[in-house]
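Structures incoming, each one as structure tokens.
You will see two complexes here that share chain A, one where it goes with chain B and one where it goes with chain C.
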Partner chain A sequence: MLKILPKIRRPVRCLSAVVAARNEGFAKVMQSDLLAFENFLGKDGVQKDDISNHITDWTGQFKGHGSVVLYPKSTEEVSAILAYCSRNKIAVVPQGGNTGLVGGSIPVHDEVVLSMNKINKQFSFDDTMGILQCDAGFILEELDNKLAKLGYMMPFDLGAKGSCQIGGNVATCAGGIRLIRYGSLHAHLLGLTVVLPDEQGSVLHLGSSIRKDNTSLHTPHLFLGSEGQLGVITSVTMTAVPKPRSVQSAMLGVESFKKCCEVLKLAKSSLSEVISSFEFLDADIMECLKSNLDLHPVLSKSTPFSILVETSGSNEDHDMEKMSAFLDECLSKNLILDGVLAGSSADAANMWKLRESAPLAVTRDGYVYKHDVSLPLENYYELTNVMKARCGDLAKRVVTYGHLGDGNTHLNITAGKRCEELEELMYPFLYEWVVAHGGSISAEHGIGQLKLPYSNLGKESEERLLTKKLKNIFDPNGILNPYKMI
Partner chain B sequence: MLKILPKIRRPVRCLSAVVAARNEGFAKVMQSDLLAFENFLGKDGVQKDDISNHITDWTGQFKGHGSVVLYPKSTEEVSAILAYCSRNKIAVVPQGGNTGLVGGSIPVHDEVVLSMNKINKQFSFDDTMGILQCDAGFILEELDNKLAKLGYMMPFDLGAKGSCQIGGNVATCAGGIRLIRYGSLHAHLLGLTVVLPDEQGSVLHLGSSIRKDNTSLHTPHLFLGSEGQLGVITSVTMTAVPKPRSVQSAMLGVESFKKCCEVLKLAKSSLSEVISSFEFLDADIMECLKSNLDLHPVLSKSTPFSILVETSGSNEDHDMEKMSAFLDECLSKNLILDGVLAGSSADAANMWKLRESAPLAVTRDGYVYKHDVSLPLENYYELTNVMKARCGDLAKRVVTYGHLGDGNTHLNITAGKRCEELEELMYPFLYEWVVAHGGSISAEHGIGQLKLPYSNLGKESEERLLTKKLKNIFDPNGILNPYKMI
Partner chain C sequence: MKILVGVKRVVDYAVKIRVKPDRSGVVTEGVQHSMNPFDEIALEEAVKLKEKKLATEVVAFSLGGPKSAEVLRTALAKGADKAIHVQVSDDEAGKLESFHVAKTLQKIVEQEKFDAVFLGKQAIDDDSSQTAPILAGLLDWPQALYASKVEEGGSGHMKVTREIDGGLDTIKVKVPFVLSADLRLNEPRYATLPNIMKAKKKPLKNIPIKDLGVDITPQTETVEVTEPPVRKAGGFVEDVSALVAKLKEKGFVKA
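For the complex of A and B:
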């Protein structure tokens, strides 16, 4: 038995500076282990040099340690590695595109990195039922491109689509901008091939490749959002959605947050089956876009809040008519101050550039504290106001953008440089406030290392105990992705 | 520790006649237990007489045994009962509307029936986010009626809607006729309150009441389709969908099954965001409807296959235009022999009456062997042909209807009366054929008692072991819904 991880002290800061101590129950990787890995994977499957891209996250916020990256090419090779590591108590971190924001896919101390980069051969698609089966290492954008030729698309989209992998998307239950239309990945997942970190490296084919199967516990769904704690996903079966023939975008200027919620309610009713995004930007992020990136609002008047609405449908005339009627109703009911319907794809691109550039714009202030939380709508924007008042002049900006249609806010607090005094004001206050107001401290990014100190906030002991018992069934030696989430 | 259940012999027949032996590790309910139950629930919470409706299923196919039905009124009362039963090794069967088709919600030997009928008080709905939170004992139709007043509806619909309860719908991952549009219940579930059958009667609040929450394992989804094996669901949080303002129906006559699949593909592309049903009837069920119920086809020509397509949308003109264009394209591509678009709600009702009366029509032949399986489309109708050839004159009819859009077929084989020779031809052949052809032996009805003898077909030992380990975490004494599913 391994030693139980030491209880992590409650940190002042929500930063990677707080790292759990190494679990001395884990073995260190020795020369004999490297030879064994080469035996399983061949010499080109074991990388010892130039691995910095695999032990550091892309934001540079998380700098981990490690000495080896493994590149299995098949489920069987993953099984061989996990069986070996389990028997030898070697900790392992599975890694997809390494595009996460919470430090979940890099080693903390000296875990072996199990890269999925070479598990990307098998792809099949049933274009009548819309069912995709593919290896876990496929990049999301590649899948989307393959499906586009067949009249379909992936049911979710995110900024990292050019690098993130479908296996990682499943492991993090990736959200993104289309969730209001197509639902979370739970709506689409049908089956998984997973390898367990047990002494046999057990290979499980869970779920099925058909749309309806009520013959067993629906275990594939337990892997959605499991952050590499339970097993390594090597293959995914899921539904895709018909590619829309018409995509319309509109930008609305709104006077109050209350009216933003009324616009959302009307959009869900009027745009019903065609709404595909409902994104939110406040005046402070618009100002930040202007001053830091010289990006100007598409609306002529400056308004306290902006909303970007998108529809996706099969008939352009119908979608334009619905969107126009929706805008007319917003105006006639005095819900909006201004509204523009994109007349061309260039117009639409300008609108989306504002929303998509927001994460970049904030970084130009110097230092940025990013957040990803969910809140009931009545508290959604109150958080911004509370944090503005609390941070005062220590913050350069307190800005908010996000997926309003999903209750997901990306509140960003910037400063000229990292500021401990500001951090002490923010944490744990912000997360405690979110939980006290019925929210979730992680909407779509997960827990990883970043939010581990707060992951028990508002969680009852019974649930925490259940989660640990579940982890123990799948990963009896606790070797998979330690120092994170569970 | 309880004794492990004896291995069930492989039966010749797929009927309730095959019953697992009583597990003698379970205690029998004594007078002292009844007094304890009355102590927890009051006298009116414990029913000992006239309980036949609770120990027999509605089809009369499953006749169980039992002496007491309990009616808790709250999560706390469920907790008190499960803690008591767990400590005293008394087996319990949770029961919702008792509308299932596989004998999953009735006691087999002498299990205590835990009825959810009185847990139906709390109902709340956020009509901006479309999030419903309600007690598990609410009847599906009641919820639908409440939501209709708020402009929303439940995202699934089934024949039993007037009796089935939302807790049971979750426990069976109910499917129905709108799955092609709104997805399975996995697409909608956000949170559950469940009581575990452990010695504390642990109450768990799993998931949350917001749309995005990536802070823990997504355990609520493990209860979807768990058939009362893991815990008792007392409260459900899920999304509802905007109520469509326009519903259009059309009936199509098709020459070959291959063309039915081409029509499906076209419908998914052309009707894309508005398609809400794609139902299938073959000529034999149409003939059965005519001869047994005097229900006549709405198409003038008799065709080998009929398809009922439904759209649900927010704009009647748009939906009519899409449906007309779809029918035109079907005709111009020679995919259909005939097609009728319902011009009124009476027309639509006539079309749906054919589909919805199919389960009744077959019973009029005398005896009916009902099936609910999923298959890849290339094998969907082959099963019907194979069973026709195999059953020959022993069968009165071999008819097929079902949710073609989901790959779900309800193959029904009728006879004048129960026929053992026919049963021996059918079972286990039919289920083995389904599994050998990439299908699932239960699409939406579940395993229960009916399909327990076949539940391991095609399942690998690793998955079966995992399922048992999971069951053991939630139900350490194995008292919940024994002799079924797991």
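For the complex of A and C:
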């Protein structure tokens, strides 16, 4: 997931070449419906004007045509709306912070936007067990700040943390830069309150608020990464992790991709329980950072690859000793050409700025084709080389950065402006190549609208069918977040 | 020219400072420390002068508890040739004053014959900004404080530019001299891993404070350390007339 949200507008891009036609089975929102909504929510819970923020995604790639945004303040109000919409066949799109990257949280046609912004009152935390229970509309950073006072933090970190909401994080199974240490959200989710889009607006309390409960199907986990297809999450129960007291960062220059993998292997064994990030940047993105943002590398000489490794622990002496031993071994085994160990938080901030500014740097080239795929490490960088050869001069740059420790690559191909010839060379070739080499076409951003045309790639038709059947059970009238994912 | 550079181990600038519950000081245990940023700049300038062949040797100095050795190792990795650690206990280190540091530096300068002492303009923990001028007084050397540019000045002098309110002040000082570094003097380099490795082999001399005969009895007593007052949360008013009424009520506008 992106770590920063650059405030820029990119031109509209239609990767999913044709937008699905409006399903005429859905009713159009009438005056009587608006009155009903006002009846459930009060006048201030129904917004008809100034809604462009809610029907456009932040990348500017997707724009819908919704005409109304609803702001329920409680689970009961969500239930009333969903029951009404289900009975009247009104399509609904649930929306958190609207920071997704695949057009999943905005209307495609005239769906009603169900904003979670006002469901953000209830918060409780058990600081012995580290269990958090809160409303779905809390912003990730707000939660992190609340937990920091109690010596804890959220087990994941995203660039969008100032805007994204915990409910949306669960619905998209957000990844981020701490995944290598704390695992995905599956490792942390305990329970959910969800409202189903059925004719009763059923409210379900799934899972529990204790760490161990093996008494049922693990139903809350069905909603992780469900992209708003199954129900609306209104409350989340999950574990938080103790806030580290010592954070160390180092940037390493490496000669070949093979050696990057060896450094990763060594880092996993020698930094083991304290490693918290292992990020990867190639020379092309470093060059892009320099020429587009005037950000200079921290290493004195340019190297084919750079690795940013971070540890988080509870004891500075212990962590430094491990980090020093790890770096010593990297040097003595000739795994790295050069390296810098952050001596202060300012040094560390400069290193992270390079990694975090990468998504912004590529946009300055004019037009950027972003990718979020995961691959077995033996094919991780091969994809970049294959695409470089394939795109040739049509591409301005082919750059790669990503979470190497998770096998997740953000391959970005830039051009001065949108280029159909280039698109034809890239798609569906790139996604087919990824699947043929055992990867996933969407490592963390999801499917949404953007990757719907390719959603069959790498998934057996039986699995797709099963998902459709599941969707029907939860959403019998198919009103929730249509035209996407499933 | 042989340069002595003072480097102090301080709580990292990004750490949120917490006051100890008994209000005797701030919490320094278990928080990240690094080299005082202004000392980093002083060190960088000395190393640059050596690279320009204007200096022959750069020696890093720190007065502090056992962990001050870490910042000296960093200084060695960033280009210092040797390091001197004048040792006190952590308890004593917490009570050191600029005067004690200047007295200790004076002893080292007299023992090892330096031509210049470079210091940061202030340490970010106590903000005293006193060590450089006191040291210049003790040594009876000229001082170039808040330097933003250092150049060869000809015939045994250095030319130093200082940023002052509304302009620049350029002075010439006769070597030997004391210099304090301002923020814009340079951008310190990183300690690279190969240099960190090399630094492990560079000499680091330990001198217990008592061997220098410097009296570090505190001259001041810390009565109390308190946090800044917490800003009170504001409120919202319905409209302009309510705002005006509030302002009148509080006496901020005339009724």
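Things worth noting here:
Basically, the second predicted complex is superposed on the first by the 470 of 486 C-alpha atoms of A that agree within 3 Å, B and C clash if a C-alpha of one lies under 4 Å from a C-alpha of the other, contacts with A are read in each partner's own complex, and residues count from 1 in each chain.
The definition used in the following text is that contacts are C-beta pairs under 8 Å (C-beta built on N, C-alpha and C of every residue); 3 or more make two chains touch, one makes a residue touch a chain.
Source: prediction; values computed, not measured.
Residue contacts after overlaying the shared chain place A:G339 against chain C, while chain B stays out of touching range.
Once the two complexes are laid over each other on the shared chain, residue contacts for A:S357 go to neither chain B nor chain C. When both complexes are overlaid on chain A, the residue A:S74 reaches neither chain B nor chain C. By the touch criterion stated above, A:D328 is placed in contact with chain C alone, chain B being left untouched. Looking at the superposition, the partner that touches the larger set of chain A residues, chain B or chain C, turns out to be B. In the superposition on chain A, A:E316 contacts chain C only, with no contact to chain B. Residue contacts after overlaying the shared chain place A:N117 against neither chain B nor chain C. Of the two partner chains placed by superposition, A:Q47 touches none, neither chain B nor chain C. The residues of chain B lying in touch with chain A in their complex are 126-130, 151, 172-173, 175, 179, 183-184, 186-189, 202-206, 208-219, 221-222, 224-226, 229-230, 242, 244, 261, 264-265, 268-274, 312-315, 318, 321-322, 374-377, 403, 406-408, 438-447, 451, 455, 459-460, 462-463, 466-467, 469-470, 473, 486. Contact residues of chain A toward chain C in the complex are 245-247, 250, 252, 298-300, 316, 327-328, 330-331, 336, 338-341, 343-347, 349. Chain C makes touch with chain A in their complex at residues 12-15, 30-32, 34-35, 37, 74, 190-194, 196-197.
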